[in-house]
Every structure is written in C-alpha cells, then in structure tokens.
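Structures follow.
Heads up, the next two complexes both have chain A, just with different partners, chain B and then chain C.
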Partner chain A sequence: MPSITFKNLSKSYGSTPIIREFTADIDDKEFLVLLGPSGCGKSTMLRMIAGLTDITSGELLFDGELVNTLEPRARNVAFVFQSYALYPHMTVQENIAFPLIMDRFKGWYHIPILNSIMRRVLANSPDVRDRVTEVAEMLELRELMKRRPKTLSGGQRQRVAVARALVRDPSLYLLDEPLSNLDAKLRTQMRGEISALFRRVSKSFVYVTHDQVEAMTMATRIIVLNHGEVQQIGTPNEIYNSPSNTFVASFIGAPAMNLIPVTVSSGRTVIRDGSQAISVRCEQPDGDYLLGIRPEVIALADAGTASEAYVTSLEHLGGETVIGFQFKKPSQSNLLAATAVYSNHYARIPGRIELKPGSVQDFDINITAGVWFDEKTGQALNVNSEELQRKE
Partner chain B sequence: MPVLVEDEKDVVHNSKSSPRKNRLKSHSRGFSRWAGYLFIAPAIIYLAIFLLVPFARGIQLSFTDSVLVNPSGGSFVGIENYANLVTSARFWNSLGATLTYTATTVFFSMFVGTTTAILVNRKFRGRTIVRAILTFPYAMPSVAVTLVFIWIYNQSGGILNRTTGALGLGEVGWLTDPSFGMFSVVATTVWKVFPFVMLVMLAALQSVPEELFEAARVDGADSLSTFRSIVLPHLMPTIRVVALLMTIWSIRRFEIIFLLTGGGPVEKTNTLVINIYQRAFSEQQLGAAAAIAVLGLILSLAVTVVFFLAERRENVKEGTS
Partner chain C sequence: MKTRRVAVRALTFTSLSITLVFAAFPVYWMINTMLATDSELYQSGQSFWAHLERFGTIPFLLNDVPIFKWLTNSSIIAFGSTFLSLLLALLGAYALSRFRFHGKGLAGFLLFSTQMLPEAFLVVPLFALFGSLGLLNGLLGLVIANTTFTMPVALFIMKSAIDKIPYEIEESARIDGCPRYGQLSMIVLPLILPSVAAAAVISFFDGWNEFLFANTFISDSEIWPASVGLASFIGQYSTPLGSVMTAAFLFTLPAVIFFLIVQRQIVSGLTAGAVKG
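Presenting the complex of A and B:
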C-alpha cells in the first residue's frame, strides 16, 4: 500500500526526452490520474511505475524504498492494458488464474510433462479456485468462465482484464486508458464500476487518460502533463478552478476556459480585442494579461450594462446553450466558420437561448471569478498560497 | 456503357438489402460474369493439361501392364499391379523408408527451425546478417547442396571422415554403410529445409502482441513460463501448418535422396518416389510404377485429411468454428 514518490524522474529515448524531471509525492490510497494530450508521456510514466520501461534518471520510491530496478512482479503492481492484453488461447478462468499459478510456480516445475501436470494441479488447488471464483463473482464473470477472450464483448474483456489485475490483491493498480476502446454508454458505466472498485479495495490507483471527464469524475488527485512536463498537480477542484497556467486552463473543461486578452491601467480593465472596458475595478498592477473565465461564469446582460460582443455560434445542448462570441466585429466568413475561429469565446447559459449569429449581445464577465495569467509566460498570477506550496 | 456502370453501382449498393431487385438486374452482369471466367481460363486450361490429364492417365496406367518404350501399348490387367505390390517385400520396405525419412526429417527440421527462429528473434549485434546467412541453405539449389554433401560424406578424404578420424571415432561409409545411409540423407535434408521452418516461425514469433509479454511480466511469469504459456500456444497453428507442408514435401522429395544414395545402401533409403523412378525408368514397368504413385498419393491425402480433422477439432475446442 505504497505512497509513491517521484524524484526528478526522467526518461529519454536516445536524445529525445519523453519525461523531464518529474517530481511529485502521492499519498497512499489516492486515485491518481495522469492527464494529458496524446504524446505527453503519461503512458511512459505509468510504464515506469510498473517497471515495464526503464527509468533513464531520477528515483522512484514506493513507501520511501527505491524500486527503480525491481521487476514488475516484485513491485506488487497490477496493470490493466489499453488493449486488455488477455491471453487469447486461455479461457476467462485460466486468464484470471494465471497470475496466481505463476506465483506458486517453482523452478523445477519447468521439467517437461511435469510442467503440464503441475499447472493443472495448481489451477485446481482450493486457494486458487476460491480466489478466482471470488474475483469472478465480484466482477460478474461467473457465466463467462469457460469462454475465450475473442468471444467476449469489449466490456466483458475489460472486466476480465480488471479481474486478472485484481486476483493477486496487489497494492498498486495501474490502468492505461482502460476505457478508450469502449463506446460512450459503456464507458460511463465502467467509470462508475472502476470508482466503486477503488472504494471497495481501498488501494492506490494510477490511471492514465486523455479524457478530462474520466479525470474529473474518478480522481482524488490529478497530474496534468504536457510535453513530458508536469503542468499542475492538484485535486480535480483545484485543477478546474485554479489552473496554474494557460495550458491547464485550455485543456480542462468543455468548452475550455476562455482566455481573454486584456490590458489593465489604473484599475480599469480593457478588453484588447474590442476595446470594451469591464466595469468592475480590478486589483492587478498595470499591464497586459490573459483573463481566464469559465464559460459557465459568464452571464447574459441587458444591452448597455456589460461588455458588448458579437454572437458567432449557438449550440443547444438541451439543458443549456453554449454561445460562441467574440469582441471584434466578425467578418462574414468568420461567422460561417465560427467555431473554428481562434478568437472565439464561449458562454454556457442554462436553458434554451435563441440568438442570431452576428447579432450584438452584452455579456457579464465576472472578473472576481477569473484567473489572471501572465500573457508572456502563460503562468497563473494569483494562485492561492496552498497551491504554490504544493508546486514547490 | 454508362448505363451498365450505373447498374453495376446499383447492384453493389443493393446486394444486401434487396436480392430480388438484384436478380432483376442480373442481365447486366452477364458480361462481367463471362469476363471472370475469361480471366481464370488460362489457369484452368493450364491445370487441365498439366495436372488433371496426367493425373487421370496415371491412374489409368496403374491398371495396365504398360512398358516405358510403349506407354499406350499396355493392356488392362485389373488390380494385378496393386496385388503384386502388397505382396512384395520391396514395396513394404519402400513404404517403411518413406515413413522413417518423413518422420525424422519433419521432426528435426521443425525442431532445428523453430529453435533457430527463437534464437534469432532475440536482439543481438549482427542479427540481420545471421538471419540472412541462416536462410542460405534454402536458397541454394538442391543439386548443388547435394553435391557438396557428397563431397563432405566422401569415405576417403571427405571432411566428415577426416574429422571423425582425427577425433579417433573412426571412419564411416556415410553413404555406403546401411546403418548410416538414412542418417546422411536426413541430415542433408534437414540442413537444406530448416530455413523455411525458421522463416515462417520467425514471422509467427514477431506477430505475438508485445502487450502479452508485458502482461506476463506483470503477472510474474519467468521466461520459460512465458514461452510455454504464451508463445507456444500462439505458434501452434503455424507449427501445424508447417508440419503438414514439411510432411507432404518429405513424402515427395526426390533429388536429394536420388543424388546422395540413389535409394541405397541396400535399399535403406529407397523411398516410394525413388522406387517409382526405378520401376519406371530402370525396369521400364510403367504400369507398376503408376500403381506405386497412386498409393503414394493416397498416403499424402491421408496425412492431409488427418491434419484437417485435427485442425477442425482444435477450432471447435477454441469456439471459433
């Protein structure tokens, strides 16, 4: 049941760095999600924790003990692969029992003929049988025990993969995008099942995904990665509400956080795109900033009472409406390709709102709920002190 | 023509949803149907002339007492050729030689081929060159290989006898001593054909998904268990097919045996194929030779049928049929 410590962990293939100086401390029994776009090094990170990939430099510690060179089995981890990696010629039962049989396998069992006999003896031994049955029951696989993986559906294979990981009662569960091959509905269901599993076994989980919904719903702690570098470590709430830089801000949320270029001079905030001023006074020193505002914080306002902008797109999601807008007057072609235009901002308004693209509308931008970013470095400026401490 | 193209498209689109409409439009497919036969015609004609006709002629010959100088001059003798065969010790010896040769050749070429495939599948310096060198024997013409081996096996001054002599093991008539004839022939054959097994096995080994090895590592399997539990079952279908091919080829192999021993010493390596050749071209008994050929064919067919039955049972077991 380890706490995991990463000390300046780096990985490079030849001269190409994949992970740079990864440093973090993860408590025992956390559900840690490694989140980032494809190619950010999150899977490599997970494979290093598992011991499937060598660590180039730095230290990886479980409960303060160096595990850099330990074989996967010695680390007592379980790994659920993205492709499930079920053994195709074994039945579900044999797949689940395999780690247990390997645990009890002795060197001299390798002698031909004896090999097959001992394998069967071990598979039929009461402790193996009972444990396999127990796990199969937990994951509702009892009816599928005699089937082979290729006759199973995606969701069933997923459950077998989890069962095989679960059966040895490891102290650390590593999951590499386990839901990415499932359809949307099944994914939602499996998300719930994995969360329930986490609560039931109460062990440490490390979960890799590029899906922010999975990260937000399942994690107790999230590490956002980009280009092999840690962008932010925090709870889902911290990641969502106080992103540490513009990358995290624009990666989390659908639509993502609006980044509005503004200029502050003596307490007056002016939107640079359209030169409208925001009426509320602001405490930031004079200069150029990116103002990060979540779409749901923005409200519609009556004409002349707030910041005037041009509506570029409308998406009705049933319960709410996502309104795309920009401060600069859009050209006709901008309107046609509205969602692709970079300068677009979004507001999420409850209910069904009818607006005409191209029309003028006032938006109430609540800067007290905003996050200020340095325009050049992209770093957040008024991150709270707790957050700063964690980053140290 | 444009109309035809239009119809073709339609047919393709509707081929699943409405077979009736499909049938109504089938007249427009007349051309393409005949075009299809046209394309396979050369192959069909070729097979008919060079395979089916000789095949039928062979069976017909086996019921006659034809001789080499006048193949069509023989008269119908019923099953006399077959009756003579099953009562002749020479035929049974020949069948035994075939089975011995086939079983040992298949076993050792499978073993050597698979083992080398596993070895050269590992990563090491110069792997590509080693793989290339190992495929040389298969690329060399059988006749050249055999001539080199005749020289190696040469009783006085052959490299093998000089080696055994120097080691104090004495010299052996590798191709003339009845106890060593079969060994020499099998060794030469294995050397010649194992690269084929190696190449196919190498391809099969490389198709084992990488995650399976990783899963096995996480599950705590050592390399032997990984091989036994993951690699070997993955190779089994390939092993079965290659073994079948090797069996059929061994039953039919001629040039290596003929050039090395010509069926000797004292008929120890006189396989069915060599026997057929001797009957037909040395003893000029075409009818008798044809009868052996038919029995040989039945042997090959029996092997194939047994193989496919085994394969089907395996599939049923895996639930894929």
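Presenting the complex of A and C:
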C-alpha cells in the first residue's frame, strides 16, 4: 500500500515535452484522480506510474522506494484499460485467472506444448480456482465464466476487467477512463461500484478521467492537468472552492466559475463590462482583475439594490434554473444569436424562475466568496476570500 | 425485381462454371489419362469420359521409379521450409510490428525485395554460395533456399495480422506479469492463428511445388523431390503419359489433403478483418 511521490518528474518524446516537471506527494490509500482535457498528458502520467512508459527525468517513488526502472509486475499494480483489453481468445474464467497463473509460472513452462499443459494444471489448482471464484462472486460474474469477451455487454466486460485487476490483490489500482465507453446510466452505476470497491479494498487508486463529475464524486485528491502542465493538486473541495488559476476555475463546475473582468480602485470594485459598481468593499490593491464567482453564489436581488445585468438565456433544470446574463447591454441580434454565450455569466438559482431574455435584473455578486485572479497571468492571487474574512 | 435477381444468379452461376472448368479440367484430364490404357493413348484415342472403373487396377507402385522416395523428399522440403518460415516469420513479424529500432524500414524493404527478384536470378549466386557451404545435393540446402522466398511472404501476412491486435492487450499481459515471449506465445499467436494457417499453406505449397532449385542443386536422383522426378519422365524421345499422370496424381494427393485440413482456418483467416472481435 504505497504512498506515491513524484519528484521533478517529467516526460518528453524527443524534444517535445509531454509532461512538464512537477513534484507531488500522494498519501497511502488515496483515490487520486488525474483530471484534464484530452491530450493533456494524464494517460501518459498513469502509464508512467504503471511502468508502461519510460520516465524521461525525475524520480517516482512508492513508499520512498525508487521504482523508475521496475517492470510493471514488480510494482504490484493493476491496470484497467479504457478498452478493457480483455484477452479475446480466453473465457472470462481464464481472463480472471491469467494474472494468478503468471505469478506461478516458471521460466521453463514457456516451452511450447508444455506451456498449455501447465496453464491448464495451474488454472485447476485449488488456490487459483478458489480465488477466481471468490472474485467472480464479488462482481457477480458467476454465470458468465465460460463466455468469451466478445459475447459480453460493455458493463460486463468492464466488470471482468475489474475482476482481473482485483484477483491479484495489488497495492495500487490504476484506471484509465474505465467508464468512457459506457452509456450514461451505466456510468453512474459503475461510478458507485468503483467508489464502493475503493472503500472495500482500501488500497490506493489512481484514476484518469476528463469528466469532472467523476473526479469530484470519487476523488480524495485531484491533480488537474493541462497541456502537460500540472495546474493544481488538491482535494475536490480545494479545487472547487479555491482554484489556483483561471484554467482550473473554468474547467471544474457546470456551468463553470464566472470570470468577471473588474477594476479595483481604492477599495471600490467596478465591473468593466457595464461599469456597475459592487457595493461591498474589497481589500485588493488597485488594478485590473478577473473575479471568479461560482454560479450558485450569485443571487437575484431587487432592482436598484445590486449589480444590474441583462438576462440572455434561461435553462430550467427542474429543481433549479440556470440564468445566463451579461453586464453590457446586448444588441438585439446578439441576443438572438446562439453564440451570444461569449461574454455570458451564469447564475444558478434554486426553484423555477421566470424571466424574459433581454430583461434587466439585479444580481447580487458576493465578492467575499469570490476568487481573485491576476488578469494577465490567470493565476489566483494569494488573498482569497477566507483570508479576507479573517481580516475583517 | 424478381427477374433481376434471377439474372444476377444466372450470371454468377455461369461465371463460376467457366472458372471452374478452367481450373478443374487439367486435373480431370490428369485422372482421365492416368486411367487410360497405352493403346488408347497412342492408337485408338482417349475417350472424354474417364474410365473410373479401372481405378483399382492402376499399378500405383511404379517399380522402376522410386516415386515414394521422391514424395518423402518433397514432404521433408515442404514441411521443413514451412516450419522454418513460420518460426522466423513470426519472430520477424512481431519485431517489425511492435519494436522501434534503427533500420526497421530497411529490413522491411530487404524482405520485400526478395519478392521482386525472380528466383532464376538467384540460382547462380545461391549455387556458388551453397557449393562453398557444402549445402548442394542435400535436402537441407533446399529447405533453406525455399525459406528465403516463403519466409517474407509469411512474415508480411503475420505482420498485418499483428498490426490489427490492439497493443493494450499485450500491455495488459505485461501488467499481469507475462514476459515478452509469453506475450507472443500466449496472447499474440493464438489471436493470429488464422493468418498463420494461411501463411503455412502458402509456404507448404511453395516448398511442395518447388522445381527450379531442386533441379539445379540436386544431382543424385535418390534425393530428388517429386517435382523433379516427375519432370524426369519427359524423355527426349518418348514420354510414358500413363506413368507420368499416375505419378502426378500421387504428387497432387498429399497437397490436397493438407489443404483440406487447413482450409477452414484459411477461410476464417481471409474474413478475419471483416468481423470485429
């Protein structure tokens, strides 16, 4: 059960960097999610942990022990592939038993003919049999044992892949987008099953996904990646409430965090788009900022009491309403165009709200719950809302 | 609509029949000639319909020629070069498909280039080479010479089959603790078996039918393969047609049996790409 330490780890193919140098420490028994858009290097990072891809520079440590050059088997990891990578010519039973048989394989068993005899002998040995049956029962695969992967449904294949990972009792589970091939309903169900599995085996998990919902619901710790660069490492709560830069802010949450361009002069915050002022005093030094506000912190307010904006869209989700708005007065054509979202901000209001697109509405922007970003670098500024509140 | 279907059917049937006649008539004529008597062949004329009733009376043991010795030699060459081709081709195909190394493109080109040169082109250099290596006038030399030409074909058939296997399956085996040669023998090989069978048939028939090298390299009639032995019937002054056809019939038989055994695998090998596994 290792803790994972990345020490100045990086990966490049030739002169093309895939993952830029970073350092991180992941505790034992964490559910670590590597999150990022496609092509950000998260799968490469997982493959480096597994030992399938060489590490270009830096050190990877399991429990303080250098594993850079160890073969995957020696690292005692299990890997669930996005495509499940089941062995097509073997039955479900043989697929699940394969890692156990390999553990008991000796070099001279690889001689042809003897090979297939020994595989059969090992598969029938009591300890292998019992373990396979036990795992199959846990994942409800007993009826499928004699079937071949191509006759199974997506969800069943996925369970076989998990069973094959589980059977060896590895210390580290690596999962590469295991749910992306499933339909939406099955995905929700399997998400629950994987979380349950994590609690039951209490081992370390590393899970790659581009789906922020999976990340937020399953992770105990998230590494957000973009263009091979680690953007932020933290708990789901930290990632959600205090994103380290505008990328993280706009990647997490649906709709994402509003980034409102503002100007601060002597404690007064002015929204640049429509030159509305926010009444609450702020402690930021004078300058231009992006103010990050989650849609659910924004509330509707009576006319004349808060920041005035123009409603551009309405989405009724049943229990809540997502209201799109902007501070600049929209032209009529802008309002009708489907692409009007560019300068849009969103508010998430509980209940069913009826508003007309194009109408004027006051929105209460609670800047104490906001995150301040440097407009040029996109980095979050140290003085975040919690510190502000402590000062007051 | 219905007339159109009938027309398509008739057309298919006709074209298949014509092809069949072209392919099968020589074989039929071989059997027909084998079953004819010498007087029919040289005086009264051969009947179009084969005298199948004479089948039991044919002297298959041709006393004056060692036909079974020759057939044994042919089998040794065919099976030997098939085995050697498949073994080398499998390893080579895996390397060309999965490994990155310097000279990979060159290796592929050189293997391919053996198919561009006619065999006759290489007879003289191979003769000189085998002479100094002491491989002339022996079956091993023929096995090696045939492998030179069949191995690249087998290799490219297997390489394209390995290319189609998702790499993740082997990576998965690697995670499960399966070493590289285990990945090849336990994962890759069972998955490309239809293609291996197709390659085996091609290698086998190449070895079985090979004439040029055998005719050039082997001087001792005891170690002739059947192809050369068969050709030796054709004399300068007379050709005993009945005996030639009997020998030819015996020569054809093992090849047909071998083909029937692997035939099913080949058909599935040819359609393997069409059905997603």
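Just so we're on the same page, the second predicted complex is superposed on the first by the 379 of 392 C-alpha atoms of A that agree within 3 Å, B and C clash if a C-alpha of one lies under 4 Å from a C-alpha of the other, contacts with A are read in each partner's own complex, and residues count from 1 in each chain.
Please note the rule applied: a contact is a pair of C-beta atoms (placed from the backbone, for glycine too) under 8 Å apart; a residue touches a chain by one contact, two chains touch by 3 or more.
Every value quoted in this text rests on a predicted model; they were computed, and no experiment measured them.
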{"item": "Joint occupancy of chain A by chain B and chain C, clash or fit", "value": "clash"}
{"item": "First (chain B), second (chain C), both or neither touched by A:Arg147", "value": "first"}
{"item": "Which superposed partner A:Asn237 touches (first chain B, second chain C, both, neither)", "value": "neither"}
{"item": "Touched partner set for A:Thr69, first chain B, second chain C, both or neither", "value": "neither"}
{"item": "Touched partner set for A:Pro99, first chain B, second chain C, both or neither", "value": "both"}
{"item": "Touching both chain B and chain C, residues of chain A", "value": "50, 52, 71-73, 77-79, 81, 83, 85, 87-89, 98-99, 102-103, 105, 110, 115, 150, 164, 168"}
{"item": "Parts of chain C lying in touch with chain A, wherever the complex brings them together", "value": "166, 168-169, 171-179, 181-182, 185-187, 190-191, 277"}
{"item": "Residues of chain A touching chain C in the complex", "value": "50, 52, 71-73, 77-79, 81, 83, 85-89, 98-99, 102-103, 105, 110, 112, 115, 119, 150, 164, 168"}
{"item": "Chain A residues within the chain B interface of the complex", "value": "50-52, 71-73, 77-79, 81, 83, 85, 87-90, 98-99, 102-103, 105, 110, 115, 147-148, 150-151, 164, 168"}
{"item": "Chain B residues within the chain A interface of the complex", "value": "209, 211-212, 214-215, 217-222, 224-225, 228-230, 233-234, 236, 318-320"}
